[in-house]
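Down below are the structures I want you to see.
Two complexes are shown next, each including subunit A; its partner changes from subunit B in the first to subunit C in the second.
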Partner chain A sequence: MSPYLTSLIAILKREALRFVRQRERFLAALVRPLVWLIVFAAGFRAALGLSIIPPYQTYITYETYIVPGLCGMVLLFNGMQSSFSLVYDREMGSMKLLLTSPLPRWWLLFCKLLGASAISILQVYTFLLVAYLYGIQAPPFGYIAALPALLVAGLMLGALGLLLSSFVKQLENFAGVMNFVIFPMFFLSSALYPLWKMAESSRLLHDICALNPFTHAVELIRFALYAEANFAALGWTLLATAVFLGLALWGYDPVRSGKRHTG
Partner chain B sequence: MSLQVQNISYAYGQKTALDDVSFTIKRGAFCALLGPNGAGKSTLYALLTRLQLPASGQIEIAGYDLAAKPRLALARLGVVFQQSTLDLDLTVRQNMRYFAALHGLSGRLAETKIDAALDRLEMKDRAQEKARALNGGHRRRTEIARALIHTPDILLLDEATVGLDSATRHAITGYVHQLAQDGTTVLWATHLTDEVWPEDRLILLHKARILHDGQANDLGLDLKSAFLERTGAQE
Partner chain C sequence: MKSLSILAALTLSTTAVADEIWVTNEKDDTVSVIDIETLEVVRTIEVGERPRGITFSKDHSVLYVCASDSDTVQVIDPESGEILHELPSGEDPEQFVLHPDDRRLYIANEDDAITTVVDTETRKVIAQIDVGVEPEGMAVSPDGKIAITTSETTNMAHWIDTETESLFANTLVDSRPRHAEFIKEGSELWVSAEIGGTISVFDVETQEEKAKIDFEVQGVHPDRVQPVGFEMTAGDTHAFVALGPSNHVAIVNAETYEVEDYILVGRRVWHMDFNANRSLLFTTNGVSGDVTVIDVEKREAIKSIKVGRFPWGAAFRPTGS
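Now for the complex of A and B:
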């Protein structure tokens, strides 16, 4: 077997084992979007009127609107969580095993990213299943079409986590960074309210939301869930993935790490 | 020649960690790198494993320039870090398999190599135990066995006996000396003089520079006194 494939399987297996061990984390990751869906959305439904916007062809309930955004939320929290565990790994030393392997560093980090994304996607599908049972149902084919969208979005948010972990040196600094990343990214996006609604209150906020890569990830998932392709969202999400991943690999480069120590 | 370090320097900001350090270790030699805490040992290991890059100088591992051919050089290197890098929730064998895979080894070949490495450190009976269930000495032996899976030419150990009792330290030091006698080049960093045997090659590192490079017994019969006298350190 190729050394590349061997290492990929080993890293995926390890991520899966870690996932199985941390059932509480899985539960927490599931409860969070469900609270939003069942509690938050119930309160908001009355306050927020939604017009018919693509990909929806009829009036929809607010719960239906926020499901893709909550899928994005699962991916976002998981991306940050895996980044947190990378910083932990580095502090505890186990990251050194990965970094001193003779296989290319970019490949090993990519394997880690893929492993973390796979776990995230599993959690999204569990959430979608609960949402389905709750009555928020997308067309059957949408659940299949959503898979590549979730993968791209998961990779993008995982790459952002990887990028943060390459720059944040200590665990104690991490909570702050997470708050500065997760909350603005989530609230300044189309996850909870459509962008036109945002434009009604502030043009500037609308523009920030439109630039936020998380908005595009959510829109990509939203369209895919209704078996439609949103190429603009796909393009922006892929571009953000490439930029985040490129910067993360640059951050993990020993040349840069060395310079950082001398700085 | 197995490990060659030429004119290596490294600084953390204004603080010099290594200043023009050079040495060569021949194939199959046991070389102790002795120095008090803060002497620059861990920095040297970070440079030898390419976790950091030197500001100047050259490192050659088993004939490969670490800067020019990092992957070939790293493939010839086995490392035991000061901090444990075992996944405590995995069994000994699962830990070994994960490491083997990071070196591109899988299937029957990996299992054979894992068995051989565990056998060498007398850890085969514990292969199915979780790392968490092992005592400190056995965890260290697992890490040494793991570093040997890919049959490296050079084994680097950075204060591998830290936190262990004296009998376990003695046993582990013995295991590693045996590895050198079997042909693996060993660089053993420590701040404890009783881990250095009289016939060992000894590099004494202090305040970023090499104070002594020769055989341990060149410094006299009482290595501990010589070490304390030269470095002003307290063991």
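Now for the complex of A and C:
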């Protein structure tokens, strides 16, 4: 077997094992969007107002609107959590062991990213299943079409986590980073409210939301879930993935980090 | 070129055979025609001022529209969209119903507190019947013997004997009755009350109220739950009821009189009509200016189609008519 494949399988196995052993984490990841869906959305149902925006063909309830955003939320939190585990790994030494492998570092990090995204996607589908039983149902084909969208979005957010973990050296600093990254990213996006609604109160906020790569990830998922392609959102999400991944690899570059250690 | 002309012919033939829903736009003085196949507006026809009530003759060869502010009922050729002539409707006609004889129109004159009966062939007024203040809802029994006018301010359903064209009973309903329908082969009369928030069910034989249907939409203030227009599914098993500014349509079981479901539609849903096999329902949403299409079996809104400003009434026109 190719060493590349061996390392991919080994890393995926490790991610899966970590996932199986941390069932509480899985539950927590599921409870978070469900609380938003069932409690928060109920309170905001009347406040959102009504308007038909693509990909929707008719009026929808607020619960229906926020489901793709909450899928994005699962991916966002997991991307960050996975980077948190990288910082932990680095402190505990297992990261060093992984990165001393003769395989290229970009491949190892990509495998790690892929493993984390696969776990995230599993959680998203569990959330979608609960949402389905709760009565929020997308067209059947949408659940298949959503898979590539979730993968692209998961990779983008995982790459962002990787990037953050390359610059954050200590666990203690990580909580702050999460607050400064997760919350603005989530709230300044189309996850909870459509952009036209944002534009009504502030043009600047609307523009920030429109630039936020998380908005594009959410829109990519939203359209895919309704069996429609949103190429603009796909392009922006892929671009963000490439930029985050490039910067993360640069951050993890042994020559660079070696220089810093000696310097 | 040849293939183009074949394509054009095919398109034309598709257009010609597609069933349609005709919608009056109260503030645009127009009628929008929706193609049921494509679910798109294919024609917009200019009509008189403030068009509201809309219905076709039995063979769908002519269209009748209440042009309320023009104080007339317009008779329109649905093929050309041309206004053929006008009927003497009395002042401010709002709603009407065509008698099963396909000849007599019973028209509610909102400002005059009368119901006008017009012969569509001779174009003459046959009778004017005094009813309560602000008459609106109109219905006629399937056997044609009874006509109903509901009056918004008097809060009554007035029962008219169509032989003598005179009232033979008046029954109280809840506040501001808007719409009436005979169902179950004319054995029951349903009357919706907008402010009362109910539908009263009457036994036609005795003219006595036998049930009352209440509505409650989750997350919507009860004052905004205002039943207006309603239509029955095939076999009169269920009623779809427009609930005005609550922006929902209720599905009522016609046997148990219980509400089974609510469907979110556009703003201030008012009236509605079905397609030929009653698998699709088209609701007019006044404030949002669109028509929501409901899949009746799935009980799901599938699309909302932009029409003119303040769509009010809807009428179905079948293939090839």
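Just so it is clear, the second predicted complex is superposed on the first by the 259 of 263 C-alpha atoms of A that agree within 3 Å, B and C clash if a C-alpha of one lies under 4 Å from a C-alpha of the other, contacts with A are read in each partner's own complex, and residues count from 1 in each chain.
By definition in this document, a contact is a pair of C-beta atoms (placed from the backbone, for glycine too) under 8 Å apart; a residue touches a chain by one contact, two chains touch by 3 or more.
Keep in mind it's a predicted model, so treat the numbers as computed, not measured.
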Partner chain in contact with A:Pro102 - subunit B first, subunit C second, else both or neither: first
Partner chain(s) touched by A:Val130 [first = subunit B, second = subunit C, both, neither]: neither
Touched partner set for A:Thr58, first subunit B, second subunit C, both or neither: second
Which superposed partner A:Ala10 touches (first subunit B, second subunit C, both, neither): first
Touched partner set for A:Ala42, first subunit B, second subunit C, both or neither: second
Superposed model, subunit A: greater residue contact from subunit B or subunit C: B
Subunit B versus subunit C as contact partner of A:Leu205, first or second or both or neither: neither
Those residues of subunit A which subunit B touches in one complex and subunit C touches in the other: none
Residues of subunit B defined as touching subunit A within the complex: 10-13, 49-55, 71-72, 74-75, 77, 79, 81-87, 89-90, 94, 97-99, 101-107
Contacting residues of subunit C [partner subunit A, same complex]: 219-220, 247, 264-267, 288, 290, 292-293, 301-304
Subunit A residues touching subunit B - in the complex, by the definition given at the top: 1-4, 6-7, 9-11, 13-14, 17-18, 21, 92-94, 96-104, 108, 254-255, 257-258, 261-263
Subunit A residues within the subunit C interface of the complex: 42, 45-46, 50, 52, 57-61
